[in-house]
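The following pair of complexes shares a single chain, chain A, combined with chain B in the former and chain C in the latter.
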Partner chain A sequence: MPFQSQGVAKYYFMAAIALFAGQILFGLIMGLQYVWGDFLFPAIPFNVARMVHTNLLIVWLLFGFMGGAYYLIPEESETELYSTKLAMLLFWVFLIAGALTIVGYLAVPYATLAKYTGNDLLETMGREFLEQPLITKVGIVIVALGFLFNITMTVLKGRKTAISTVLLLGLWGLAVFFLFSFYNPVNVVEDKFFWWWTVHLWVEGVWELILGALLAFVLIKVTGVDREVIEKWLYVIITLTLVTGVIGTGHHYFWIGTPEYWQWWGSIFSALEPIPFFAMTVFAFNMVNRRRREHPNRAATLWALGTGVMAFLGAGVWGFLHTLAPVNYYTHGTQITAAHGHMAFYGAYAMVVLCMISYAMPIMRGRAANSNKAQVLEMWSFWLMTIAMVFITLFLTAAGILQVWLQRVSDTPLPFMVVQDKISLFYWMREWTGVVFLIGLVLYILSFFVKGEEQAKAA
Partner chain B sequence: MSTESLALPATTGTAPPERRLAGDLAIWVFICAELLAFAVFFVAYGVARARHVDMFNTGQLTLDRNAGALNTVLLITGSWFVVQAVARLRGGDPGGSAGRLLLALACGGGFLVVKVFEYKAKFALGISLSTDTFYMFYISLTFFHLMHVLLGMVILALLWNSLRRGPGPTTLSSLESGAAYWHMVDLVWIILFPLVYVMR
Partner chain C sequence: MSGAFTKSMARNIFYGGTVFFFLLFLALSFDTHQALPKRDHRAEITPQIAHGKKLVEVNNCIGCHTLMGEGAYFAPELGNAIARLGGREGIKGFIKSRPAEGIPGRRSMPQFNFSDDDLEAIAAYLEHVNKIDDANWPPNIQG
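Entry: the complex of A and B
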């Protein structure tokens, strides 16, 4: 690798993968609880398993983004990281804080955790995805500020590129919108209104900038296409993302007590949200087709193409499926949402982090690419995880359609739990597909340990 | 129709004029996406109107058609100046080109002023996004378009600045891209104005 300090990314990536494994295990526990209600009860109740599953997802993606930034920024800026020591210190702070939070979730009841961690000082707990105790939230802010200081200083002292600018914009946006997790108005409408400023403006706003920047970086490296071409696409994609995604927040404001015009605004703008994802897919394939070199790391190229396609399907198509207000009137909060959430997070964010890891990890370990044997295994893991995710999404969609029908559309609507029993077949199929996903993940981890003839040394 | 006009042009041995996309491909992707966004908005307007024809007709009568017509003239004149700016730069006259951009900017500025007065009159009557579906569309569509006029003006101002500092090898392509964007803003208004203000 060109700069020594890029090596800190390795720690972030390893932590990300470990937490990813944890996320999947809790996903399987939860998936089983859907059909076997008291599985592991009272040790791990469903609400706790769900909290751990979603929080681990967010934390491992954040580790991935930070690792990606620590790897990308010195190379783009053509200078060493401002402070390697700070990056390592923040790594341990974040890892330990994250681990303690998960232990807290599992060891004591949530209310007790809230009491011990000073939730009465400033009430921020108890909201979906933002369940973290106050001290963890403060810790996240400190880590984020230190991290942003570190990479911003690096960019300022080195070369400024479109990719590093977009990445910085995304990461600063991530930090700024997290601040809304501290704002918890008593009015329930306002509470939900601003809750989405963290949740939606992360995943359908600033995170997409991070996704675009990481993808553009890997594409420049593996295809050798001119930077100017790739940067132009990046600008078009992020503008489209922001135009559609920011007002698209309205698709969460249909039924929470906000004015009626949100039904129009939310429907119209979020209906256009697939466009930037489609542009990203076209962009990835176009760049790979116009490639000027055959990079030995074929696995990284596969992840780059995969993330474009799966993000378009998961975030774009499955998002569109239930984004129009008249449709959402029936589908709101059903398994359709779960189907979209799974494929969108995997396609857009999990895959881009895995793409970055796939590209950077071999270089940090002293080679341009892994051995053929290791890459073949990695590609097997790609297909297993991706196909498993497609089927998880399809089964949840089927479950969702049935749920909507039996519970809401039918002339004789059935109660929630009765419907849950009737669609359990799909939950079983989703659980088994989840096991296949886990097998894919295990193969992915094993691919790091496969030896074989070494590829050409990294420049 | 005379038969001559259907005849193929005589081959003179010279290559046909090269067909090339004015401006950058990326701006065209962007313009198409913008047009699609407005198209979706217009279709939604049509659907909503079909369901509340009376409400839309009553609301439409309260709109200031003169202000709308004046704004149409301003935008089309602005586009004419932008066309001239491109022609001047192609003809090797960057100074004249920059001057035409300033005139186009003035037209854009005029549009903003008219719009502010129009909104002021409506807001004074207590009209808001929540008044009814017609006014929701009127305010949303015109405001969304207004934001595009503003963005177009920012683009023209940047182009004016780069022309003033002396054109480089990519200036013409940038100017063509900016001009294409400005014409898009114009085109959308030419659909929006009759649709929302006039057609009954």
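Entry: the complex of A and C
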């Protein structure tokens, strides 16, 4: 590892993986509740499990992004991190705040949590993905500002590259759009309108900049392709992202009380959103094919290619599937949405974080790559998790198509709960596939402990 | 991707394109906010309805249900629940009658022990949501 201070990333990555495991555990609990309705009821109602599942997802991805940035920025800037101490302090603040929030969700009723954490001062809670208590939200902002200060100062004192600029833009954007989570007007239409400024402009906007920058960094390292070429691609991809994705927000403004013209703006622009994801896949394969060196870390290369493909499938293909207004009229808020949400989050953001970890972790542990044995195990976990996610998506899609048909399209629409009973077979299959995903994750974690003969020392 | 097309050209297109489309998005958003009052009936929002919205939030109803199609997919749509359950009394009766220990083997809704005022506020809020002009969504009463 070229710079000592990059080592702080290790803590962030370890926390990310631990929280990832927690996320999957609660996913399996919910998956079981889907077919065994009163499982753990009333101790852990479904909505509590869901908050834990989705909030852990967001938090572990944030740990991954921050760890990725702490690793990437010093190397790109060719200078030590502005403050290693600050990075470590913020690590503990974020981890403890995150853990307390999860304990809060599980230990007390949500309304009680709201009451004792200042929700009456400023009502921000109880909206999907933004369920965190006010004090947690404020904590997130403080950690984000400290983090951004730290990496921005590092970039300012060192070399400025396109990759670090794009990463900074993405991370600043993440913080800025999070501020809309503090705005919760009493008018529910406006509430929903601006809720998407956090949620959509994150995953289909600024997070894609982070995704692109991390991927470009790993590709430069493992392929040795000329930086000029890779950075030009990066700019082209993120141009396509924001040109389509910003107005693409309109695909959430079809049925929430906003004017009908959004059906045109939203459909057309979001139908173009798969293009940058497609470009990303082509980019990754192209760079690997034109590689100028054989990097010993084959697992990292696999994750990089996998990110391209799975992000395109999950976000691009499964997004396109339901993004045109006449289709979305029937699929809005069904298992189709859940199918897409899973593959997109996994394929784009979970995988790019795992890719970064795969590349950086061996180097931080003093070697260019892990032993062959460890890499083989890691690649097994790659395939198990990825194939499991493909099947989870397919089963949810099948459930979704049946749901749409029975509940919304047929001449004799059936009630929601009746339909849920009829399609439970697919929920069972999703749950069993979820177990396979968990096995993949266990192997992934084990791969860090496999020894075997070591590869050449890091340069 | 080679020859005359350089990295700095790509960068300039990125900044130019982003700024342009972001401004266009802001303009559309501004226009939307001019049009909204007629569609969202904000003039009718009483303190009771506001309280209902708060109750729906602090009990995390959308952690199981959808509201105008957004939320979770474990339980039925709430935006038109007032119509499906037969008005305010239907909603209140349903929420009040949930068994605390659940229904064996079935997906169960928690017993929240709401006061009568709270129940009335939730029903008023859901009635308000049902009136919002949302381009005729959902397709039918089943949500």
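Quick notes on this structure:
Here, the second predicted complex is superposed on the first by the 459 of 459 C-alpha atoms of A that agree within 3 Å, B and C clash if a C-alpha of one lies under 4 Å from a C-alpha of the other, contacts with A are read in each partner's own complex, and residues count from 1 in each chain.
The criterion applied here is as follows: a residue touches a chain if its C-beta (ideal position, glycine included) is under 8 Å from a C-beta of that chain, and two chains touch if they have at least 3 such contacts.
Not measured: the values here are computed from a predicted model.
Of the two partner chains placed by superposition, only chain C is touched by A:Val48; chain B is not. By the touch criterion defined above, A:Tyr329 lies against chain C but remains apart from chain B after alignment on the C-alpha atoms of chain A. Once the two complexes are laid over each other on the shared chain, residue contacts for A:Glu228 go to chain C alone; chain B is not touched.
When the two complexes are overlaid on their common chain A, residue A:Glu260 makes contact with chain B and with chain C alike.
Ranking chain B and chain C by residues of chain A touched puts C first. Applying the stated contact rule after C-alpha superposition, one finds that A:Thr239 touches each of chain B and chain C.
Legend: residue contacts after superposition of the two complexes on their common chain; A:Ala279 is shown touching chain B, with no touch to chain C. In the superposition on chain A, no contact is made by A:Glu80 with either chain B or chain C. After overlaying the two complexes on the shared chain, residue contacts for A:Ala271 are found with chain B alone; chain C is out of touch. Overlap of the chain B and chain C contact sets on chain A: residues 232-233, 235-236, 239, 243, 259-260, 265.
Contact residues of chain C toward chain A in the complex are 1-2, 5-7, 10-11, 13-14, 17-18, 21-22, 24-25, 28-29, 31-33, 35-36, 39-40, 42, 45, 50, 53-54, 56-64, 66-77, 100-108, 110-112, 128-129, 132-135, 137-143. Note for the complex: chain B touches chain A at residues 24, 26, 29-30, 33, 36-37, 40-41, 44, 48, 129-130, 136-137, 140.
Remark: chain A residues 232-233, 235-236, 239-240, 243-244, 259-261, 264-265, 267-269, 271-272, 275, 279 touch chain B in the complex. In the complex of the two chains, the chain A residues touching chain C come out as 30, 33-34, 36-38, 41-42, 45-48, 50-51, 110-111, 114-115, 119, 123, 125-128, 131, 162, 184, 186-190, 192-193, 228-229, 231-233, 235-236, 238-239, 242-243, 246-247, 249-250, 253-260, 262-263, 265, 329-330, 332-335, 337-338, 407-409, 413-417, 420.
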